[in-house]
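There are two complexes below, and they share chain A, which is joined by chain B in the first and by chain C in the second.
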Partner chain A sequence: MLPISGKIFLLLLIGFILYLFSLRTRFLIRLLSLGKAEDRFDHWGERLRYTLGQILAGRCTLRNVCKWDYAGIGHLILFYGFSLFLISYVFHIAEGFYKKLSPAIFGTLFNNFFYLALDMAGLVIIIVIIWAAIRRYIIKPERLESTLDAGIILMVIFSLMLLNYGIEGFRLLTETKPFAEWLFVGIVFSRFFARLGAGENSSIYFWIFWWLHIAVVFGFSIYVLYSKHLHIFASPFNLFFRPMGSKGSLQPIEDFEKGDNLGVSRIVELSWKSLLDLYACTECGRCTASCPASMSGKPLKPKEIIHNLKTHLLCSGKDMLFSKDQGVKEKGWGQQSMVGQIVTEGELWACTTCRACIDVCPVEIEHVERIVGLRRYLVMREARFPSEYKKIFKNLEIFGDPFGAGSLMREEWPSGLETKKAYQDNHIDVLLWVGCTGALYDEKTKSVAVATAKVLNKAGVRFGILGKKELCCGDPARRMGNEYLFQKLATRNIEMMRKLGIKKLVTFCPHCLNVFRNEYPQFGADFEIVHITEMMRTLLENGKLQIKAKTASLFTYHDPCYLGRYNQIHQQPRDILEFVVSSTVREMALSRDRALCCGAGGGNFWSGRTIGRRIEGLRIDQAIETGSEVVVTACPFCEIMFESAVREKGLEHSLKITDVVQIIDQTT
Partner chain B sequence: MTSKEIWIFAEYRDHEVASVTLAMLSEACKLAKQINGKTCVCLMGDKVREYLPLLQEHGVEKVYLLERDIFERYSLSVYVIALQKLIVKYDPLIMMFGATSYGSELAPRIAARLKLLCITEMKRIWASGENLVIAKSCYDDKIYQNFDFRPERTVVVTVSPGDMDGEKGDRAGELEIVNETIHMEIDRTRTRTLKSIRGDPKRINLEEADLIVAGGKGIGKERTIIEDLANILGASIGGTRPLVDDGTIQFERQIGITGRSVSPKLLITCGISGAREFTAGIEKARLIIAINTDAKAPILKFAHLGAIGDLHKIIPLIIARVRNHKENTKRGQHQ
Partner chain C sequence: MRVIVCIKQIGFIYHPIAIDSTNGNVDPEKMVYILNPYDEVAMEEAMRIKERFVGSEIIVITAGLPRTEEALRYAFAFGADKMIRIDCQNLDPWATSSVLAETIKGLNYDIILCGKRAIDTNDNQVGTFVAELLDITQVSGIVRLDVVPESKKAIVERYLGKGDREAIECDLPALFTVEKSMNDPRYPKLPDRLRAEKQEIEIVETTSFSTHFDVKLNLSESASLTPPRPRPKKVFTPDSHLSANERRRLIMLGGIADKKGDVLQGAPEDIAKKIVSILIEEKFI
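Showing the complex of A and B:
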């Protein structure tokens, strides 16, 4: 217990630290308030439960643990251990004021167990910290940077452990009765100090260590607000305010007519949640490590974007708040457009919207929404986009498909088959939504459409197609940032379906599936759509489809991003393959939620000049590693990309690309 | 009331009349027969009488000849003013331009200056009673619009090259030549063409090239084989994405869905299998010749003519033939 002067000083110190803390916190929160409004205050209970579950059960770090990256376990240990120490700090400070405010107020047993746990935790934390340092500074895995910030944090935690043991050691020396029974590490320290001859002045040393410890704790608590460690405060909120809607949807623009909402160019045109993302980033680098663009040498590194935006926000924050306080009406509070300065166009267009970065992020930062927001600005306000996309937009506007084939061509692929046109006869159970790629691209994709029709016929499903009335679902337009064009297409499609009284759809294109299932409801649509693999799995299970003979090749299955990560349809295609293939599917190193994108998404199917390697080539290399003869997938875009990669590698005769539906057709 | 003269703006280069001019002539002759009108051309330039016999062959009955040094090189402001004055003076029924780079800028300007009806990308024109019917192409040839109207004043139209067939009209009896000296205030012209430079096929934009030799994976690592062919033909070089990826050709020369869309008069593909990614860029090529070892290659569905064999053997034969032909022609000219 401190003397009166000490207590007063401690009180003043606490007051001062609280003041600094609140100053910085207020600044950070005020910066958030500069961002656009966004309603993330719904479903409080669900949000709270989710957040607590993620943090307390350590799910946010454990979900990333895999055979090549088990850092999450170390982090979880650190989290639990340090939480214990936080409790000890409360006692530490309280005891400074009043000696009795120690863990002993809960009983001697509790006290002893508490300090035993603390001693154990201290050791474990030291080991974890040393390992973390070795990893970051000596082994240097690619996703981790050897920054000063990280080093400081590691050293501070390390020193806090040592200081704690030091305090224990000296306290044991200076007090007649040990303050806890099972301080097995504390005792070692006290004996060591005694041997050094510090026993005589142990009281002084105790207080020195005690104040040093306080200083480091207080100092660190302020330092945290200025470093990447801010994530410890920001990430719980980030998890709490996570998007609750469907994974696969991008937010629409309301009120196009107002015209002030066309995409993001200045930092404050991001929503406050998007700005909170920047605080929550732990700089773990997992996003960059799982990004197909990064892996293939493109300029996009998601972590860099977050870091650069964060730096920009914090640097220009003071000026922006000042402008706001002055009542300046200028857009963006005096800040310039971020595109070109903070984020380059090369980074923005390289994104394939695969969502690997979001799924792997422990604090669930919404990368894709931000990138598309910036794309919207480039497309709709600046008309600055890759020149290849001009033709795509024009084709979508005029012909209703990105290839410019025209609506009549959509009725070519079923020639020879008896397919109902839903606009002539709507006595159908389900509408087969073919999609532009399936109907129009080339013989390969058309054969997938044909296989789908045949299989539906075999299963006795009464289906129809829209044929020339089908318009592009709009997915390319929305991902490329042309939200206006997307909404035009969406409203026309929805209107047409209503007119024809269509309620149920099935499709083999995951992009169409995603748009219909997760995005058209934003415009009042109320359809039920399934992917062909969902339907087929049920039909096979119910025996509505009879398998005549299984096929026997060595298969691997590629999870399309828009089917797997976006819509959690991983298992159904695999179950189907179990029915129709005699061998077990050989999984690639990255599969299911970790699957590597084929590279076509986000408009990149039409993207011209390529820097670095081709993403589809990377993925085919992974397929080759499994020793498979056939790559099975469930998305026409993936199929086109892989066919191209196979051709370029000259492997047409040894590696086949096929759709799940085609195998079903062959075997039933 | 307009006269019944159908005027065509004649374009020429290097002692040859443009094929679009000849094509327009054939359509004009058909119309002239229907309405009992006269097929005329506006021929502007310096020393252009050499084209008259050919024009007469194709059915021109009357020539408005503007032969002056200021018309020697095409210049937008000069030509516009001259044509404007002519039209005001003679009031033809129709003024036809090819939708070339010249015609496409002359036609709307004249129409705007004189507040005349202007219909672009005309496909056909015929008479229906007192009315004219003009069929116009819309949306990349996906639909045609018919304009059925009674012409009160001169109608300006443009015709896309390649949209009409140049069937020869009947040779007219006498060719009537009207020499016009248009008074031009030179200082009112805002531009003056100082020099015309022929585009170097090696450097022009692939989308504007008339002749293209395109290489695919089949050519191997050496691009000399297609370079030699392109040089002897005066063609531009294009290629598929793999060639760009391994640095054989520049990205500007990539043809296909993520590259250029080309519309040459002649495209020779060498060692290209014809995946959709490539063929999407050649849909507007007039004549496609494909050289490939695989008789089942998809390119052959697109090509008008296919040569199945090793391009390393076939191309040198082509080059030798072309070289031979050129030398013979040269010798022939000298004689």
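Showing the complex of A and C:
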């Protein structure tokens, strides 16, 4: 227990720290209130369950643990270890006011166990911290940066552990009967101090260490709010308010007439949840490490975007709040467009919208939504985009497809093949949505459409096509930021299919699939759409499709982003291949949820520009590593990209690129 | 500056779907209508004048059926201030010029801009006729326009082919027909598109003209129509040896390879550095 002066000082100190803490917290919360409204308050129970599951079980970090990254385990140890220490800090402060050692109130047994646990936790934390420091400063994995922030945090935690042992050691020296049994580390420290000759003045040293400890704990609690450790407070909320709907959808713009609805240019045009994202970022760099654009040397680094936005928010926040309080229109930083200053156009257009960053993010930051929001601003408000896109937008608007081929050409691909037109004959079970690439691009993609039709015929499925009535699903327009054009196409498609009474669709293009399944419902559509791989698996399983002969070639499967990550269709294509191949399907280094993009998504197929290396080339390298002869995919865009990569590498005779449907067509 | 831009909605006859495959004629049923690309260039040039001189005004005029309003609104979305449609049938160049000139007579203007030609009929006449009817200066096929408002003069450059240009100084008001290479037309911003959708179009009836000629009378008439020899249907398939991007570009251009190119901008030192890096990138050095 402290003398009365010490108690008053401690009380004042606590008050001061609480004041500082609440000041900063209030500032941070008020900054959030600058953002736009967004409803994330549904499904309380489900949200709570998910959040607790993620945090308590450490699922948020453990899911990223893999052969080359064990950091998640270390994080979980630190999380639980430090939680124990947090409790001990309450006891620690209480000791200043109250004579008896606080855990002793709960009985000797609790006391003994608590301090034993603390001693062990301290040791484990020290080991983990040293490991973390070695990783960050010596091994230097690419995703981590050796920032001062990270160093300070490691040092503080390390010193907290040492101070704790110091206090224990001195305490043991002052007491004749040890305050807790089994203090195996504490005893070592006390013997060490005794040997140094600190035995006589041990109670003075004890209180010096005690105050030092208090200072570090209090200092740290404030520092947390100013550092990337803010994620301790922000990430649980960020997990709680995560997007609940389908993974693959972007938020629609409801009113195009309101100017600042058209995408995001200023920081305050982000929603409060998007701003919370920025607080939650731990700068772990997993997003950048998994980003295909970043991997191939393009200017985009998702972490940088989030980090820069955060810095921008915190720097301009004070001015914005001030002018909000004063009710004056502010002309400062916060009111300026972020594009060009905080985020460059090069970064924005390099994104393939593959979602790898979101899937890998432990605190579920929504990078893609952010990037598309900024793109929307560039396209709709500023009309600034790669020059190639103008032609795409105009083609989509005038002809209803990105190539400018025109609707009549959509009936050319099934030459010599019997296909019903849904607008003439409504005796169909399912509509084959061909999509622009399948119907219009080149012989290779048209042959995928033909193969699909043949497979459906073999299985006896009564299907029809829309032919000239079909329009682009709108995916390219939406991902490029032209939301207006997307909604125009979407509503036209939905209306037309309603008129024809179409309920069920099948497609082989994952982009069309994603738009129909996850985005058209935003506009009141209720079509059921399946991917051809889902349908084929069922047909194979119930014997409607019979495999005539298995093939001996060595296969590897590439997960298209919009099929795998966006719609969790990983297993179906693999199951189908199991029917066909005699050996097992080989997996690339990155597969399923971690699969690398082909580089075509998010409008990059149309711009055709490349800074750095080609993403499809990186992916093909991974395919070559597996020693396979055939790369199978389930997306026409992936196929086109890989075709050109294989040709560039001069491997067209040794590595075949093909679609799952084509394999089934050839073997049944 | 008060600028008038005359535009035309054209049937995009070069598009495969517009051609009736049985007889090789243009099928009006399947026609896709767009704004004449040359007029887009004129519109863009008008916008550049408006952006340079504060208080400028742009009026867009077209002559035709109600369906032409779609193209009119698209042109308006570039950033014009007023739209006028002269309500009439499809007219021949002389009659079109007459109705345009009659309407323009009642307006204030410094510059009239027209596309050099419409890519559907390829007559190359309307701009010149309008200037003649209004009795103002006319320069055709310009690729550069500098306005000197103080002296009410314009300095224009005309394209003569093979990189030659002819510089002409002339008094305003004047009419210029623009070459397609003059600029790269913008993609209208969405708020402007929405504004254009709502903007009222002033309709001018041809009966209101106090004319000295009969506008209903086309000076030319079609004597006979010779159908072209039916050609085998051309399906364009890109060379499979090209990369995906090359093929995409070829498909988009309908099989015509264009020269790739970028204009480098910045300080001379930076440009030099960029050129070197491009040469290294393209493996020339």
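Quick note on the criterion: the second predicted complex is superposed on the first by the 658 of 668 C-alpha atoms of A that agree within 3 Å, B and C clash if a C-alpha of one lies under 4 Å from a C-alpha of the other, contacts with A are read in each partner's own complex, and residues count from 1 in each chain.
Here, a contact is a pair of C-beta atoms (placed from the backbone, for glycine too) under 8 Å apart; a residue touches a chain by one contact, two chains touch by 3 or more.
Everything quoted here is computed from the prediction, not taken from an experiment.
*Asks:* Assess the superposed three-chain arrangement around chain A: do chain B and chain C clash, or do they fit?
*Replies:* After superposition on chain A, which the two structures share, chain B runs into chain C.
*Asks:* May I ask you to decide whether A:Ala383 touches chain B, chain C, both, or neither, giving the answer as first, second, both or neither?
*Replies:* So A:Ala383 only meets chain C here.
*Asks:* Between chain B (first) and chain C (second), which, if any, makes contact with A:Glu541: first, second, both or neither?
*Replies:* In the superposition, A:Glu541 touches no partner, neither chain B nor chain C.
*Asks:* Let me test your reading of the model: by the given contact rule, A:Glu629 touches which partner, first (chain B), second (chain C), both or neither?
*Replies:* Neither partner.
*Asks:* According to the stated criteria, A:Glu46 is in contact with first (chain B), second (chain C), both, or neither; which is it?
*Replies:* neither
*Asks:* Looking at A:Gly404, would you say it contacts chain B, chain C, both, or neither? Reply first, second, both or neither.
*Replies:* Touch partners of A:Gly404: chain B and chain C.
*Asks:* Chain A residues in contact: does chain B have more, or chain C?
*Replies:* C
*Asks:* Identify the partner contact of A:Tyr441: answer first if only chain B is touched, second if only chain C is, both if each is, neither if none is.
*Replies:* Touch status of A:Tyr441: both partners.
*Asks:* Quick one: which of 41-49, 59-67 or 149-157 on chain B sits on top of chain C after the fit?
*Replies:* The segment of chain B occupying space taken by chain C is 149-157.
*Asks:* Quick check on the output: what are the common chain A residues between the chain B footprint and the chain C footprint?
*Replies:* Correct list for chain A: 391, 398-399, 403-404, 406, 441-443, 606, 608, 640, 643-644, 647-648.
*Asks:* Contact residues on chain A for chain B in the complex?
*Replies:* Residues 388, 391, 398-399, 403-404, 406, 441-443, 606-610, 614, 640, 643-644, 647-648, 650 of chain A touch chain B in their complex.
*Asks:* Using the touch definition from the top, list the residues of chain C that touch chain A in their complex.
*Replies:* Listed in rising order, the residues of chain C that touch chain A are 12, 15-17, 30, 32, 34, 184, 186-191, 193-194, 235, 237-238, 240-241, 243-245, 247-249, 251-252.
*Asks:* Mind pulling up the chain B residues that touch chain A in the complex?
*Replies:* These residues of chain B touch chain A: 139-140, 142, 217, 241-242, 244-245, 251, 254, 257-259, 261, 273, 275-277, 280, 298.
*Asks:* Can you list the residues on chain A that touch chain C in the complex?
*Replies:* By the definition above, chain A touches chain C via 256-257, 259, 262, 379-383, 385, 387, 390-391, 393-395, 398-399, 403-409, 412, 441-444, 484, 605-606, 608, 640-641, 643-644, 647-648.
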